[in-house]
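Common to both upcoming complexes is chain A, partnered first by chain B, then by chain C.
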Partner chain A sequence: MSVLSAAFVTVFIATVIAQAMPLLLASVGETIGEQAGVLNLGIEGVMLIGAFSGFVVTLATGNFWLGMLAGAVGGVIANLAMLVLNVWLGLNQIVIGLAITLIGEGLTSVLYLQNYSKSSTSLGTAPELHIPFLADIPVVGPAIFQQSGIFWVSLLLAIAVGFFLAKTNWGLSIRSAGQKPSSLDAAGGSVVKIRSQAVILGGAFVGFGGAYLAELTTATFTPFITNGLGFIAIVITMLSRGRIVFVVITSFVYGLAVAIGPALQVLGFAVPADVIKMLPFIVVILTLIIFARSSVVPPALGAPYTRGAR
Partner chain B sequence: MFTFSSRGNQRRVITRVAVLATTGALAVSLAACSGGRGGDESTGGATTSAGTTVSKFALVAPENESDFGWNQAGLLGADQAATELGIEVTLVPDAGWDNTETVLGQVADGGAQFIIAHASGYGVAATSVADAKNVPILIQDAGENIPGKIAVTKTQAQEGGYLAGIAAAMTTKSKTIGIVVSADDLNWFKMSAGFAEGVYSVDPSITVLYTSVGPAAYADAAGGKTATEQLIASGADVIFGMGDGATHGYLQAVEAAPGVKYIADIGDVTSGLSDPSVLLTSVLWNYGPTYVQAIKDVEAGTFGEAGYELTTENGGLSLQETDQLTPEMQTAIDTAKAGIADGSIVPTPATTPDEVAKVIAAKGA
Partner chain C sequence: MTPSTAPDVISLRDITKAFPGVVANDHISLDIVSGQVHCLLGENGAGKSTLISILAGMQQPDAGTISINGVPAAITSPKAAVDYGIGVVHQHSTLVPAFTVLENLMLGETGLMMQKKRAAERLDELSELLGAQIDPHALAADLGLGQQQQVEIAKAIWKGSRLLVLDEPTSMLTPQAIENLSESVARVKAQGLAVVFITHKLREAYAMGDCVTVLRGGRNVGHISVEELATYSEQQAQDAILRAMFGDDLKTVGAEDAAELAGATESTREIRSIDLATRPVRLELLGVSSHGHGRDVEVDDVALQVHEGEILGVAGIDGHGQGALAEVVAGQRSASSGTVRFDGKDVTRLGVRGRQQLGLRYVTDDRLHEGTVGSMSVALNLVIKRIGQRPFWRFGQIQNKAVDQEAARLIAEYDIRTPSPATRAGTLSGGNIQKILLARELTHGARLVVVNKPTYGLDLKTVQLVREILIDFASNGGSVLLLSTDLDELVELSHRIEVISRGRIVGSVTNDGPGTAEKVGHYMTGAIEGVQA
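Right after this comes the complex of A and B.
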């Protein structure tokens, strides 16, 4: 069997998707929050809580959909800290975000080690959705059109968010809360209410992304499983300037960068391990350098809103 | 206006109090540290560990037994040594990589008469604590023996890898075997090179593929799964995985691929598998006899005069018995083990990825 076989290319494409999707979902969640003016640096911790919640429920029930739902709920619960402390009480977003990250890391590690460290934690493979005709296309078909239904639902959700942010009154209110919250307030909207919705929905997406990572990308959970993915999501979100299409593209570029390192080694190229690990980050940094000039964050990002304050 | 001014004053007061409190805490900490050092120096110079009876010892490990590898082997070895000698052991898993000196110092203060610092990265802190607390400490992989204080354990991992390579070569049907490591780790370079040589000793026509998850991706399960899936997609039907927490990812990839066998390293991964028949074998590292010998050396006053080694000959390295190892494989493995013991087989102890690549490219020549 040749190393660079059709099976290898199929797995390579599937790997790109598997690596990109958790980042995509987390970035979509962060985008919703940032567009509303809430910078959530706790996304890493929220992802971990979502991943752990999804892992526990899937392991217990064997149902991947329930696991994903649990991940989303876990993400919302984790984001409640941001909701209460920042949106409602006006405390510093950066401090709260870092605290959420640390809590997420510590909590999930402790719970995992206490309950699952001495038994099989394999979730197995999620049921695949075989799309007629398309799944039979050589090489690409099995990689893309035999994915779990969760993959397609995730993509649809991301597209829906893009649409709602850009084309609806609700999306306009979200963006107003991040651009000029006082204007939203003057127009009769509630900045606190809009930001609360954004934080809750954002938490659900980030938790969903964490659950995707545990259930479909890794098929298990380990402490610190995110490996900094949440922080990359923050960068991608800032670069994307609220455009979900760009979030999708950058996430898949990241997935490509992750998948290509081991692939080159398997193909016989002497790629140092350091390069393999750095490659995705280099790609993100290069993207930053190329697009930094045009990256604009919402003016009210990171600033708690107090009515009447100047 | 008054309100703003008042708030400004309040903030200044709070800031000053915080600065004073922090400075005070820092001063107290420094005083405590300097006091501790002084005390240690006075006692450290007066006594040695020669002839100390060990009734209690401790092992400090960066992670816990759930890694199916390095940490599991150390913790099991300490338990085994305590049971064999009938003495007390304090196990400190999940000590991490920060504050190592503090943790080791606290363990020494807790009454341990001998400490095992179970990570190659603990060497510097261990040497410092051994000196300050006058407690003999066993370190890993690198460092110098210091009589009465420090002894180094090294592993001839290439020997275990060689035996596993024989089992892999006699198992593969696709004639392609994969090696996946999660870090640039000396022992894994050794084991990978030995493994490839073991494979080629059976059949030089077999293709050996090698991939790394990252320079220190010990716990990267997602990356481990990705790398292993690509090896399997390249035709590998036997995977030799080295990886601590990343092992979870290797196992997921292997279990999802029918017909693929897995060879583990250091520990027993059976409990992490849904189907244990996937496991061909594991290169087990047994620290128990080494720890027993080290404790005996502490009691005899000879600790630190020489280091310790885990080899196939002394039982420190062995292959895990499974139903997948056929009698023919076992015979070939025993023959190779005898060859290693008498020096007729000398697996290459590679120390870099380039050396591993050369061994793989040489195809046993």
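Right after this comes the complex of A and C.
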């Protein structure tokens, strides 16, 4: 393969997208929760449950869309624990979050090993959507405009969330629940209701992201497949300060960091495999060091709301 | 615009609300009539705030009914209150600092899309009513306190209210902003709305009220109707209200002090004047800037002097660097530049304990968390700043006998009302917790004490006691750096008043007779609202 050939660049771009999308979706989900004041440290577990649900359904039905839906449903169910224990009962978000992560990791590993460890688990490739004209552009066409329809739907959903948070009364209520829940209460809104909606919707996005990872990025499921991606999503969420545009940009920077390692090797640079594996995390750490000073989180993040308590 | 029909009446009957250990509202009945300003007077803990929470739907009464024009109204939630047309401006701001004015006003609206254009139009209408022009796209956090309050009022009457409730709206305003507020209230009243105005200052009740109801200990202890108030002379009304507010305490406090505490009269200086020129400088700050890590406002290039036996007041809107100033003097926050001198000695690099041993003490405004450890005994809280020191600790071991003796002495001297020295400090009332702090800081060679909002949230008797303690301390040669948001308090206690705004000292006023409060307010307004002083 000649260096920087058309095929090489095409694969590179496609890899960036494949790596960025699960993170992007999970970060959007986490953003919705955090904007409403609910810090979900269980996102890693929720992603795994979403990934496993999607994997099982697609493996059984052969339908990728059904799998994505199952992932979203799985994410919502996993987030119900956060909903009941934190939003309704006011228990500590950090403890619940860690519990959800551990449960998600354990549950999906056990179920996978029990049921699928001995059979073929490849999901194959999802049907691609050829966008007329654009798909025929050299290099960029095959990389971007021959993606699965799921990619486009995911992108649209992310943009829709950004729009809803910024422009609608519902988005305003969500943000006020994270900024100052007592204000929402005094204005006649319901903090519990708004936070419940945010947690459910957020769970759907995180689960959706997990399913994207299993179905489109890796085309299979393995235990601990997320490999800390959920925690990176938390970082991205905090750095993005609720702005979906930043979520999209930082997610693609991460995707770039993942894709660049194998690319360097292909190009003949003798980069140790360990360094390549570390690269995305080094990028995240560097980003944190440079930008974390401005990571302003909603003031009420992590605090259960009780009326009248100041 | 005069209402052609009979005025709306909101009737509260026998409202009762109990919390563990205290009956906050005990069969309170009153009528709120549209087109009138109904003043609700009473000291801290009289039950005003609870009554307002019930009207606002934040809390439910244990017994009693509310009816509007004879029709029972169940105000089960803040939303229900809004639907009944009850708009409340709470004592603590309900604005979201990170939202713009418009976003704050639209919060709570239904419908899918934010209607920014319509909201801006509505704000324009209300601006005329309130007599204030507010930039709809400014962040709430960037507004001055007076403007924030105007936004809160606009929010309360956003949907065309029937009743506007103002809970202690003047407590943090400058005299000039209070003037503006009273004009706004008059215009709102003229629109045919009922207004409930809560205050603990008598003279505001005169200035704005059409009728007055006095609460004490959760009960309605006196009502002066519109007709009565119109016929009473000022003195008669004052006497009637004071009798109701203080009851039997009136004799112990004394009528004159009571009148002053209740804000009936202009505050006057109570402390003897001293000749500053003959007194040595005890504390001196030279170009001090602080460096913290919170979101607090830091002090910026502050210079001031406190003399022996002097009480130096620092006036300012809450959150304008008072916390940083107090901590940088106490040694809890480091100075990034400048010099702190104490008794002529440079203590800039000295830590908290070092300064304490020199006699520099600090009474924080966060008496519940920073000031005391609620889960520990009163006795331990009284010696907690001397951990490891003899005679209370020896070889790392606590000496219970010595601690108890010291505690007994301080409890008696400062009249701390506690069941026993072993009682957990957190179970005491705010006033007694404040006495613990003062007792701890003012003993053992205190030469200067920094007090931040020393009487905030206390009942009138304790307020008076705390002020007497500070005056005594100064009369005996101690120095006081008094940070307060209560102008009356500053005028009563201080020899001089510095005005702080956004972390800088913007003016200095010598407290020598009438007009001090206005001068101080002038500096505060000029600095904060951007008006040329």
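Remarks
In this section, the second predicted complex is superposed on the first by the 307 of 310 C-alpha atoms of A that agree within 3 Å, B and C clash if a C-alpha of one lies under 4 Å from a C-alpha of the other, contacts with A are read in each partner's own complex, and residues count from 1 in each chain.
Rule of thumb we're sticking to: a contact is a pair of C-beta atoms (placed from the backbone, for glycine too) under 8 Å apart; a residue touches a chain by one contact, two chains touch by 3 or more.
Note that this is a predicted model, so its numbers are computed, not measured.
Annotation: superposed three-chain arrangement on chain A; chain B versus chain C shows no clash, the two fitting side by side.
Of the two partner chains, chain C is the only one touched by A:Asp185; chain B is not. When both complexes are overlaid on chain A, the residue A:Gln35 reaches neither chain B nor chain C. When the two complexes are overlaid on their common chain A, residue A:Arg307 makes contact with chain C while staying clear of chain B. Look at A:Thr168: by the touch rule set out above, it reaches chain C but stays clear of chain B. With both complexes placed on chain A, chain A has more residues touched by B than by the other of chain B and chain C. By the touch criterion stated above, A:Ser53 is placed in contact with neither chain B nor chain C. Judged by the touch definition given at the top, the superposed model places A:Ser148 against neither chain B nor chain C.
The gap separating chain B from chain C in the superposed three-chain model is 5 Å, by closest C-alpha atoms. Chain B makes touch with chain A in their complex at residues 64-66, 94, 174, 176, 178, 183-184, 207, 209-217, 219-223, 225-227, 229-235, 245, 248-249, 251-252, 255-256, 271-274, 353-354, 357.
Against chain C, in their complex, chain A makes its touches with residues 167-173, 175-176, 179-180, 182-190, 299, 307-308, 310.
Taken in their complex, chain C has these residues touching chain A: 53, 56, 58-59, 77-79, 81-83, 88, 90, 92, 94-99, 103-104, 106-114, 155.
On the side of chain A, the complex with chain B involves touching residues 1-5, 7-8, 10-12, 14-15, 18-19, 113, 116-125, 213, 217-220, 222-225, 227, 258-259, 262-263, 265-266, 270, 272-274, 276-277.
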